[in-house]
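You will see two complexes here that share chain A, one where it goes with chain B and one where it goes with chain C.
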Partner chain A sequence: MADSRERPSSTPHLVSARRITPSLILSALAGVFAIAIVASAAIRAPALDWSTFRQYLFSSTVRKGAANTVLLTILCEALAIASGAVVAALLMGSNAVGRIVGHTYQWTFRSVPELAQLLFWFNLALVFPQFKIGIPFGGPSLWATNMNTVMTPWTAAILGIGLHEGAYLAEVFRSGFLSVDRVQIDAARALGLPRRKLVVDIIFPQAMRVIAPNAGSRLIGTLKLTALASVLAVPELLYSVQSIYSRTFETIPLLLVATAWYMLMVGVLRLLQHWLERRYEMPQGAAVDVVGAEALA
Partner chain B sequence: MLRMQALAAVAATAVGCLALVGCGSENRSPTGTPAAQDERLHDLLPAEIRKRGTIRVATDMGYAPFEYFSANQQPVGLDVDLMRALEPILGVRFAISDTTYAGIIPALEAKRYDVGWSAIVIASLGGTGAVDFLVYIDPSLDSVLVASSNTSIRKSLDLCGKTFAFLQAEKSVSTDEASALCRKAGKPAIKWKFFQKTPDVILAVESGQVDARVAYVVNGTYYVKASKGKLKLVQGVLPRSPLTMGVAVPVDQKGLEAALRGGLQRLIANGTYARILKRYGATPVGVRRITIRQ
Partner chain C sequence: MLEVHDAWKSFGSTQVLRGVDLQVGGGEVVCLLGRSGSGKTTLLRCINHLEAVDAGVITVDGRLVGYRLDGERLIPLKECEVALRRREIGMVFQQFHLFPHLSVLENVAYAPVATRRMTRAVAEQTAHELLQKVGLVEMAGLYPAQLSGGQQQRVAIARALAMRPKLMLFDEPTSALDPDLVRGVLDAIRALARERTTMLVVTHELTFAREVADRVAFMASGRIVETAAPREFFERPRTAAANEFLERRL
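What follows is the complex of A and B.
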């Protein structure tokens, strides 16, 4: 019982990998050969133009673009986490109206193509020329301004990407909480654990085990979605290389420059995700406690 | 009191200069001689623009040599030079925002910008009734841009069945006429593929995803040079068609239109216009008088 509940450890197959077998040698040779073919072709291909790649890799325009991509990703993800948490709470709540609202939100934001959403937000002034705070249904407004002064390219990008991503994150959060065994919640209640302790000590750490890998891969997705903001002329990484190749037409080398930066950023995010997963890994012996708690219930 | 006002004005100018890149050089015409502000033209500008001190311009920045980013990320090009030359005359600055070509007129209708200045071909973006155009460049579409290795286009009928790359919202009388000739000869018409930005168009021609791109003297020469031998121009195969270009001004902005027209007319009269066009190899496509078209 205890064994079947223990999280499969990642060490066993590492041990077997240390043994040098003929198949390992063969696959290593095949790997080196494949890399050599691709690398030599890439180095010799004139269209790739590595001198242009080196020229722009650390240019100030590209570095500024990369910094803006990081900033945009953080802002979008913050909005995504906030809206995702609200929607997940609505979906899991007992209020039927709340559930309908949650489902409608997800349906809307997952249906509209991401690019179309960005263009919609950016051109919102066509539909609503004024941004008003006040009494609805034609009532007096406390504060009003031109929609275009509020809906800057940055605002449109953050809303378009953040709200869209929130619809997906809601699902990640929901699956995390659903993965926690009901029995444990009942057990904790039977033990008289206060509600706050139940959420923080029992539900959250276990839910995070499911949430962390999924949310991590969504975050990587968000990072790359920010490239869409280039159509709104937000000076992020892709836009910064576009602004260079619209003058020089060295399109492929500059797209490779952007790719190199995205790979670096995704690499860092992967480390972050790994750290998060390790943090919420079930400690040794915890499974026994859990089973103990279940037995009590 | 007067002294206080003067101090405030100096401070405001200093702050303005800090916020704008290259403030010192902007107040001069491209020839280096400071042009005097024309009070009559300045007063024609809508009060909102005079108060703001800037005309907000929608420009598709990826259209070299008319508008593109310099190596240090400043907007440059033929159109940008004309705007910079107008600044001291009108006494306001042009604040350029990057848009897509197809997005210029919708953005003007949404009042996001005051004018659209982006080598706009009236035949493609005009006819909506929402904007007037100040005609300032009048080229003819007459050449075909192809990859250097492409030897399949030698005469007009070779264009039949070929795929051409266009920017979204572009139209082309030349290829329509060529297609009509093809059909008459019992051959397939020219096929169209649309892209968002000019570099996408050029890359598609270079990589062979499309066969060709329509061109004229100013942009064609630039592409061939920038491609470092990957592209070439083929002349004499495409029927000529006018490619009249204008600055888009919303129809309800007659004051702004009159001010811009008067300013451009001044640039023609004092020779600045001719100097700017010469700089970009655009001398043959210049106009003698700024006219208005819908």
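What follows is the complex of A and C.
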């Protein structure tokens, strides 16, 4: 079937483009030069005290702070995913009351600045001094305690950041699900698939293609939002370095310590995002050339 | 096998089905012809309850698909009950609608496993056999986007067959294909016809209908106006509408 005729060398043929071009060499030189300027200035600037940077980079306070930032991010993101999924389900559901609840949630939690939300949660005791589980409207309570024992800085930070982030994730989830071709639902229903299988096995994996990149960048945003918890004295990364430089006044080296850790964490999250995107990638038509030709034969 | 009695369906103010009557016997192949917009696709979608009829009774293998009958009233079944009935009915769409995130083999083997009709091993074995039958077994590991339209449609046929349906519905299975890919799909349907699979095929391929169909049903403005053996239909159409349709086509 295959034709073994060779291409005559006289036929005009495409020359592959050069990979190293003058413009590439020029921009590389410019880049090296720029880095050299910044680096030499940074090394000589007295405020950028690199020995202090090295001294604190792995100090126990900073390491604990970094660990707390990771923990806080995980807890906030868990709450954000849970609330986002519920709100997205309400928004896409057939229940009109549910849709109103979903829209109101998004409106509320997207309107108020994150920092203000944290302060609101933390000061909840001013409105409701008692935290009570029981029958509402003055009925008997099963369990009651002082609000301030429940609403610790940690709780306030998790609620403030998590619920706010949930309002945005709901939108990410919703757009993901809407991106799936409606006819996929027809095809799955025609096979007699139960609703749960349809959602989990057919719709969700296809929605993830749109959800993964957006949710990934939102997660990086959540990581950085956890720095807000420093105003409630949660001992996360930013608060940890602040607690050191408020004593030593080595502000910039310690902010650079925090920067280094944040960059490391975001680097890891970027890898996670990349993995997630690859995981839900759909193979595109690369093999068509070969199999298409066969089909015609 | 399939009985449609006085089916009515409207979308808003547009009346699409106006009292459709149709019977397809076990092992019979019926081709449904008619101009675009005559209600063929809607009828097919009503048969497996992807659309709900407004009135009328549709039974497959003696059982109502989307409703239960309470005197004169049709009471809609729950989604999960409809899903059970749909497993008896295979459907092949004009635009294939394969699951793009599953490989060819997974597309075919998925539904029998998900609905617990078969274990994974049995389903994959069955999928291999069905892919063999439609001539695509060597494509089992590829993904839908890597196949030509004709190949995708043959996978879609295998996917529907994997549920071992009692009735197969085809909605213009070759209309979205380039002319040179039509043959492979029609060959696959021909093979099913030889095995006496009960089929209702909406098609514009008149030569194919003439060759494969046991009976031809002709639809015009929401009704089936003529049903006949293919030879009789193509040579001596009884209605003016069918006559006009054939004259335009042949």
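Everything that follows uses one rule, which is that the second predicted complex is superposed on the first by the 262 of 297 C-alpha atoms of A that agree within 3 Å, B and C clash if a C-alpha of one lies under 4 Å from a C-alpha of the other, contacts with A are read in each partner's own complex, and residues count from 1 in each chain.
Basically, contacts are C-beta pairs under 8 Å (C-beta built on N, C-alpha and C of every residue); 3 or more make two chains touch, one makes a residue touch a chain.
Given the structure is predicted, the values throughout are model-derived calculations rather than measurements.
By the touch criterion stated above, A:D186 is placed in contact with chain C alone, chain B being left untouched. By the touch criterion stated above, A:V231 is placed in contact with chain B alone, chain C being left untouched. In the superposition on chain A, A:T61 makes contact with chain B only, while chain C stays out of contact range. Of the two partners, chain B and chain C, it is C that touches more residues of chain A. Once the two complexes are overlaid on the shared chain, A:Q273 sits clear of chain B and of chain C alike. Of the two partner chains, chain B is the only one touched by A:T251; chain C is not. When the two structures are aligned on the shared chain, A:P129 is found in touch with chain B, with no touch to chain C.
Here chain A touches chain B in the complex through residues 61, 123, 125-126, 129, 146, 148, 231, 233, 242-249, 251-252, going by the rule given at the top. Put simply, chain C touches chain A in their complex at residues 48, 50, 79-80, 83-91, 93, 95, 97-101, 110-111, 114-115, 139, 142-143, 145-148, 150-151, 159-160, 163, 180-181, 184. Residues 181, 183-184, 186-195, 197, 201-202, 205-206, 280, 282-288, 291-292, 295-296 of chain A are the ones that touch chain C when the two sit in their complex. For chain B in complex with chain A, the touching residues are 61-64, 68-71, 73, 97-100, 106-107, 109-112, 196-199, 202-203, 206, 223, 226-227.
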